Amino acid sequence: MDKRIKTVPRYGTGFKDRLYLPAIYEGMKITFKHLKDNVSDSNAIDVLEYPEEQPTDITERYRGLHRLTHREDDTVACVACFMCATACPSNCIFIEATERTDGVDEKMPQRFAIDTLECIFCGYCVEACPCDAIRMDTGIFSLTGNAREDFVLEKEQLLAYKGAFGEEKSIAGK
Amino acid sequence: MTPEPFFALATVLFSLGIVGIISRRNLFVIYMSIELMLSSVNLILAVFSRLHGDMNGSVIALLMIAVIAAEAALFLAIIVGLYRQRRTLDSDVFSKLSQRDTL
Amino acid sequence: MSDITITVDGKELTVPRDELLIKILNKNNFAIPQFCYHDALGMDGNCRMCMVEIEGQKRPQIACNTLPKEGMEVRTRGEKIDATRQKILELELINHPVDCPICDQAGECKLQDYYMDYGLYDSNIAKSDKVHQRKHIDLGSEVMLDQERCVLCARCTRFTSDITKTHELGIIGRGDHACVSTMPGKKLDNAYAMNVVDLCPVGALTSKDFRFKQRVWFLTSTPSICHGCAKGCNIFIDHNREKYKDDTVYRFRPRENQQINGHFICDTGRLSYKELQEKRQLESIFEAEPVEMDVATSALKTMLKMHLKDIVILASPELYKEELESLMRLSERLNATLVCPMESYYDERFGDDWLKSPQRAANAKAIEQLGISTELSQEQHIGLLMSFDHRDFPEIKSDHSVTFQTHIGVDADLILPLAAYSEVAGTLVNEDGIEQWCKQVIHRKEPLYSVREWVRLLEGVES
Amino acid sequence: MLENSIFAILALFLLFGSLGMISFKQTVFSGLSFLLAMMALAGLFALLENSFLFLAQIMVSVGAVVVISLLVMLSVNVNEQNLPNEPAKFRWMLFSAILVSPFALLMYKSLTHMNREFVETVAGYGSLKMMGATLFSDWVLPFEIVSVLLLTAMVGAIIIARKEPANDA
Amino acid sequence: MSTATIVVAVFSLVLAALLALLMIPVLVWLERRVAGLVQDRLGPNRTNVGGFRLGGVVQSFADVIKLVLKGEYYPSHIKMGRWLFMLAPAITFAMALLAFMVIPFADNIVVDGESLRIQALPIESGILWYMAIGAVGIIGIVFGGWLSHNKYSLIGAVRAGAQMIGYELPLGLSVIAIVLTYNTIDFNVMVQWQSGTVLGFLPAWGIIVQPLAAVIFIITLFVETNRAPFSVAEGESEIVAGYMTEYTAMKFAMYFMGEYVAMNTASAVIITMFFGGYQLPWVSTQFLLEHFSIFALVMMPLIPLVVYFVIKWMRKNNRVRETVSTDGGRLFETKVLTIALIAMTVIIELILVYLALQPVGAFSTSIAVTLFQVVIFVVKLMVFNLFFILVRWTLPRFRYDQVQKMGWHYLLPLSLLNIFITALIVVGVS
C-alpha cells in the first residue's frame, strides 16, 4: 500500500458507542446546560450587537469587497489585462479596454465592473492581478442595495473605496 | 341509501379495470388496473357486510387489502426487474418470453 | 533526388534532401523555437533561436540554415541546447519592456511562450537601464508599431520587400537602437499590409482594428472561407460569446492553404468581418412596420399565393451552393423564374494579380455550374419579386416585393431577416472551381432563418 | 339526503380517478389518479359506517401501496419519450369498453338480484374491536393463510428486485 | 344536537386550530431562539411592534407576513402539472393539520349527563387516524419533488418516501404493543388509562409501562416529521433543499409550516400516548372534579410565586444592553408586561376563590377542570416541542444509509420483540 495513505483508527465500535443513547444523553446535557445558563442570564452572553457595534477584528487577510487601486499619480492602476476576468471562476468581472491617451500607459479599462451578486469572493482576481490593481482589503463585508443593478459595481465606485488598512497605492513595478 | 348505486359503482370500476388492462401497454397502468379491480371487489364486500350487518364481509375485505399489498410488492418488484432488463415499460416488448434468443 | 534518413532525438526520419532542417522539424512536431524563419518568407538566420545540436559539430547550429545529410543525428533537447536558448532569449529580452498585461499579443506571443519554456526569469538588466524606444506608432493601414517589443526578426521587412515588393519597412539604426521603421513621413501602404501583424511573432506590430478589443485566449478560432471575393481565401474566424452578449466575431486571420492563398489574405477581406454584425436586419418589416415572425410568415405566404404565376426569385451569388440548389427547387415548385444578375458584383478596380479577384461574388462559379440564368429579360412582367439578399433588388420594378436581407438598407413590401454566411454551413466554389466547405461559425442566441429554413417554411404553399 | 350527495361526490372522484388512471400517458399522473380513486374508495367505506376499513384502506392502499408505486415510478423515472407509444389508446379503450359492457351488465344484474336493503347496524359495527373479534373467531385460518401469503410475497419481491451481487462483494 | 354539544365542538375546533396554527410562528421563533441560546447567541430579539417584542416572537409574525406577500416565482422549466406543483405543499400542510385534529385536549366534559369529547374531530380511532393521515402527507412531498424537475428535488422526494416506508413498520409495530397494553386505540381512553399508578407510586405513564415502545415510537416520529437528525430528505449539505428546492414564497411556507405542524402533532401524540396527555401525574379527572376546592387552595399561593419569578426573570433579562443604549422600548415593555401579569394573577386568584367556594359537582368546576387540563396539555406540548428543537441542535444529521439501516435492522426487530414480550405479559396478567 502507498505510504502516503494514513489509516485513521475508527472509533465507536463498542456496544456502548453503537447504542448511541449515552452519547446522545451527553450531547443533550451540554446543549441543555447552555440553554439553561443563557436563559437564566441572557445579559452574560457575549455577542456583538450588530449593526450598532461593528466588528473590530477584521484582519488584513479578510476578503472584503473589492477595490481598484491608484498609481502614485492617482490614476487608475488597472491596465485592463483581463487576468482577473480570466481567473474569475464565476465570470463576474466585466472589462472593456481602451487606448490610454494620458501618456502614462498604453491601455486602461473603459469599463470595469464586478457583479457582486455573482462574485464568490474567492480572491483569485487579486492573486491574478499583475499590477496590484485589484484588492479585497476594503474590510467591507456587507453590501446592500435595493435593486440588482446596485450590486454591479462600476469602475468609479471601485476606485472610490478606500483600503481599510491604510490607503496604499499600487505597488506594481516596484 | 340503497345498495344499488354502490353495486353500479363497483361494476363500473371493475369494468374500467378490465378496460385499462386491455387498452394500455404501460406496465404500471396494467398493475394499477388490477389493483382497481381488486378494490372494486373490496367495495362489494364492504357493501355485503353492511347489508348483513355483520363484520364477515369486512373481514374478507381486510384480508383482500392485505392481498393487495402483497400483490403490490410482488408486481412492483417484477416491474423493476423487467425494466432493468429491457429499459422499457411497454408490455408488448415482454411478449416473447418463450423465445430465449430475443431476451 | 532521393530521400535520406536522419535521426532526431533518437527518432529516425526519412526526409527529402533539399528541405531545410527547421522545416522538417516543424513538420514532425518537434518544438523548435523560432522568430525569423517563416515558411512563406524562408530563412534569414538572424534570431538564432532555432539552435539544435548536431552530432559531430562542436557548437549548436541553427536549424534554419542547415540541410539534412545522410545519417545526421540531431538533438533538439538537452541541457546544452536549453542553456543556449536561454542565453539567446536573454539577449532578445534585454530591451523588451515585458509588458505582457497591456500587450495585445499576449496569449499568442512566441516570445511569451519561449520565455515560459526557456526564460531566465530574473532579468540581469534593471528596468531603468533598458533602452526605451518609441511606442504606439501608427504605421498606417491599421497597423500599430511598438519598437520596444520588437525582436528584430525582420519578418515584416522581408514581407514588404519579398512578397509585396513595396519596400515600406526597414530596420534602421544599429546595436541597441536598431528598430523597424518606415521612411520618415511615409506610411505602410499596400493592400496586404495587415499580414505583418500575423507575421510578427511578438507584440511589436498589432492591428489597430483589433487592438484591446478582446484577449486572444477568450477567442474561438473556427476555420472558414472569406466571402470578400471569388478567390475563396481560407481564414479563421475568431469569435467569442461573452457573458450576457451574443456571439461576436472579432477578427479574421488567414489560414494556410497553398492551393489558394498561401499564408496571407488581403486587408479588405480581413476587415470584412465587420459586416457580420453591423447594420444587420434582425426583425421582419411588413409595409414599413416591424411585425412578429408569424405575421410576417403569413404575409409572405399570402403574397406567394396571390402571384403564383409570375414570381421572380433573385438569388444572391454569395449564397452557398446548397442554398442555391434549394432555391432552384423552390422556383420549380412555385413555377417561378430564378435569376442571378452578376454585373453589380463585378469590380475591375478591386482585382489584382495575387489574392484579390475582380469578381466580388463569392460563389459566382457555383451559379455557373448550376446553370442559373444571369439575365433577367426586360419585358417580363414581375408580379412578385422575391430577393434573397441580392444587390440589384431595389432597381427592379415589380408589383410586390419581398426581400430576405442580411443587412438593412433596402425598401420592400416585406423585409425578412436572413442568416449571414457565418451563421450557416455550406459549400463555396471559388473562381478556380475549388469547392470548399464552410462550417457554421456563429450560433446566435436567437438564430435567424437561413435560406434553406425559409424554403422549408414555404413548403406546400403552392397547393 | 346528505349521504346521497356525499356518495355522489365520492363516486365522481372515484370515476374520475380511475378514468384518469387508465388514460394518462405520464405514469406518475396515472399514479396520482389512482391515489385519488383509492381515497374516494376509503371515503365510501366510511360512508358504509365501516370506520376500520376506512382507516385500513387509507393506511395500506394509500399510505403503503400508492406510495411504494410512486416511489418505484420515481426511481425508474422514465422520461416521456421512453414511455410506450400508444397512439390508438382511446380507440382501444372504446373497443374494450364495448366488449366489457355486457359482462358488466351481467355483473350488476347478479349483484342487485338479491334485492336486499341496508339494515340498521349494531353498536360498534366497523370498529376495531368487532373486526378483531370476527377475524380471530371465524376467520383465523384465512388470516393465517394470508400471513403466509404475505411472507411469500415479501421473499419473492426481495428475490426478484434484488440486483445481481456485485463482483467485489 | 344540544347547545352544549355545539359549544363544546366549536371550542375544541377553535382550540385545535389555535394550537396548530398559532403554534407555527411560536415554534419557528422558539427554534431560532433556542438555537441561538444553545450556541451562546441571542437569536431574534429586535423586531417589535410599538416597543413590544415579546422575546422576539414578533419576528416570526413578520416572517409570515413576508412569506405571504412575497412574489411567487414559478420555475419556467416546470411545464406539466403546474397546478399539482402548487397543490403539493398544500396536501402536506393539510394532512399535518388534519392529523392534529384527533388529539384530546382535556377529558370528556359531562353536560346534562352527556359526555362530550374535547377533541376537534370526535372520533374514537385516534392512533389509527394519525397513522393513516400521516402516511398521506408524504404524497405531497413526493409529488412536489417529482414535479420540480430537479434532480435534488427528486432525490429528496425519493428519500422522504423510502424513509417513510422504512419507518412506518416500526411505528405501526410499536403502536401495536401500546394498543395491546392499553386495550384501545382511542386517545382519550389511553390518557384515562395513564391516570393510574404502577407499583403503587409511579404514574402509569406509557413511558414507564412501555419504555421500549416509547423510544421506538419517538424515534420513528422524528423520522416521520423529517426532523433532525433524520432530515435527510431536505439535507441541505448534499441536495440543496431536497424537495423544497424549487419552491418559493407561500408554497415554500406551506412545506415549512407543515413541518412545524407535523412536529407539533407528533409532540401531542407522544405526550398523549406516553406522558399522560392532559393529566397531571397521580391525579385523575375524577379526583380533580371531586376535590377541586383543595386544588384551588393549593394553586392560590403557587400562582403568585410563579408570576413573581417570571417578573424577576423578565426584569433581569429584558434589559437594555450597554452597547445598544438607545433602545428604550425594552423598559417600557417590561413595565407593561409586569402590570399585565399582575393583573392576570389577580383575576385568576379571584376566579380560584370563587371556584373554591363552589360545591362538589358544580358545572363551573367541570369547566375549570377542563381549562386546567388544557393548560397542562399546552405546557406538556411546549416541553416536548422544546425537546424536538433541542435534539435538532444537539445531534448531527445521520447519513441516509444509516437512517435506512437503523429502521430496518434495529428498530423493526426491536419492535417485533417488544410486541412479543408485551403479548406474553398481557396474556399472563389477564
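Per-chain residue numbering starts at 1, and chain names A, B, C, D and E are given in the order in which the chains are listed.
One rule holds for everything that comes next: a contact is a pair of C-beta atoms (placed from the backbone, for glycine too) under 8 Å apart; a residue touches a chain by one contact, two chains touch by 3 or more.
In this text, all values refer to a predicted model and were calculated from it rather than measured experimentally.
S.K.: Can you list every chain in contact with both chain A and chain D?
M.R.: Neighbours common to chain A and chain D are E.
S.K.: So which chain is farthest from chain B, going by the mean of the CA atoms in each chain?
M.R.: C
S.K.: Mind having a look at which chain is the central one, using mean CA positions?
M.R.: Answer for the innermost chain: A.
S.K.: Look at all chain centres (mean of CA atoms) and spot the one farthest from the centre of chain D.
M.R.: Result for the farthest chain: C.
S.K.: Is the C-beta contact count larger for A-C or for A-E?
M.R.: The comparison resolves to A-E.
S.K.: Measuring from the mean C-alpha position of chain B to the mean C-alpha position of chain C, what distance in angstrom results?
M.R.: Those two chain centres are 70 Å apart.
S.K.: Between chain A and chain E, what is the gap in Å from one C-alpha centre to the other?
M.R.: From the centre of chain A to the centre of chain E is 42 Å.
S.K.: How many Å are there between the centre of chain C and the centre of chain E, using C-alpha atoms for each centre?
M.R.: Distance between chain centres: 74 Å.
S.K.: Residue numbers in chain D touching 2 or more other chains?
M.R.: In chain D, residues 52, 64, 68 touch at least two other chains, as defined above.
S.K.: What parts of chain A, by residue number, touch at least two of the other chains?
M.R.: none
S.K.: Would you identify the shape of the chain contact graph, picking one of line, ring, star, complete or other?
M.R.: Drawn as a graph, the chains make an open path, so a line.
S.K.: Judged by the touch rule stated earlier, which pairs of chains are there in contact?
M.R.: Every touching chain pair, ordered by label, is A-C, A-E, B-D, D-E.
S.K.: Which part of chain B faces chain D closely enough to touch in the complex?
M.R.: Interface residues on the chain B side: 1-20, 22-26, 28-29, 31-33, 35-36, 39, 42-44, 46-47, 49-56, 58-63, 65-74, 76-81, 83-84, 87-92.
S.K.: Applying the document's contact rule, which stretches of chain A touch chain C when the two form their complex?
M.R.: 79-83, 86, 91, 94, 97-99, 105-107, 130-131, 173
S.K.: Over in the complex, which chain A residues touch chain E? Could you list them?
M.R.: 24, 27-28, 30-32, 34-35, 38-43, 45-47, 49, 52-53
S.K.: Within their complex, state which residues of chain D touch chain E.
M.R.: Chain D residues touching chain E: 26, 28-29, 32, 35, 39, 51-52, 55, 58-59, 62-64, 66-68, 70-71, 74-75, 77, 127-128.
S.K.: In the complex of these two chains, what residues of chain E are touching chain D?
M.R.: That would be residues 80-81, 84, 123-125, 128-129, 131-136, 138-139, 142-143, 145-146, 154, 157-158, 161-162, 164-165, 168, 185 of chain E.
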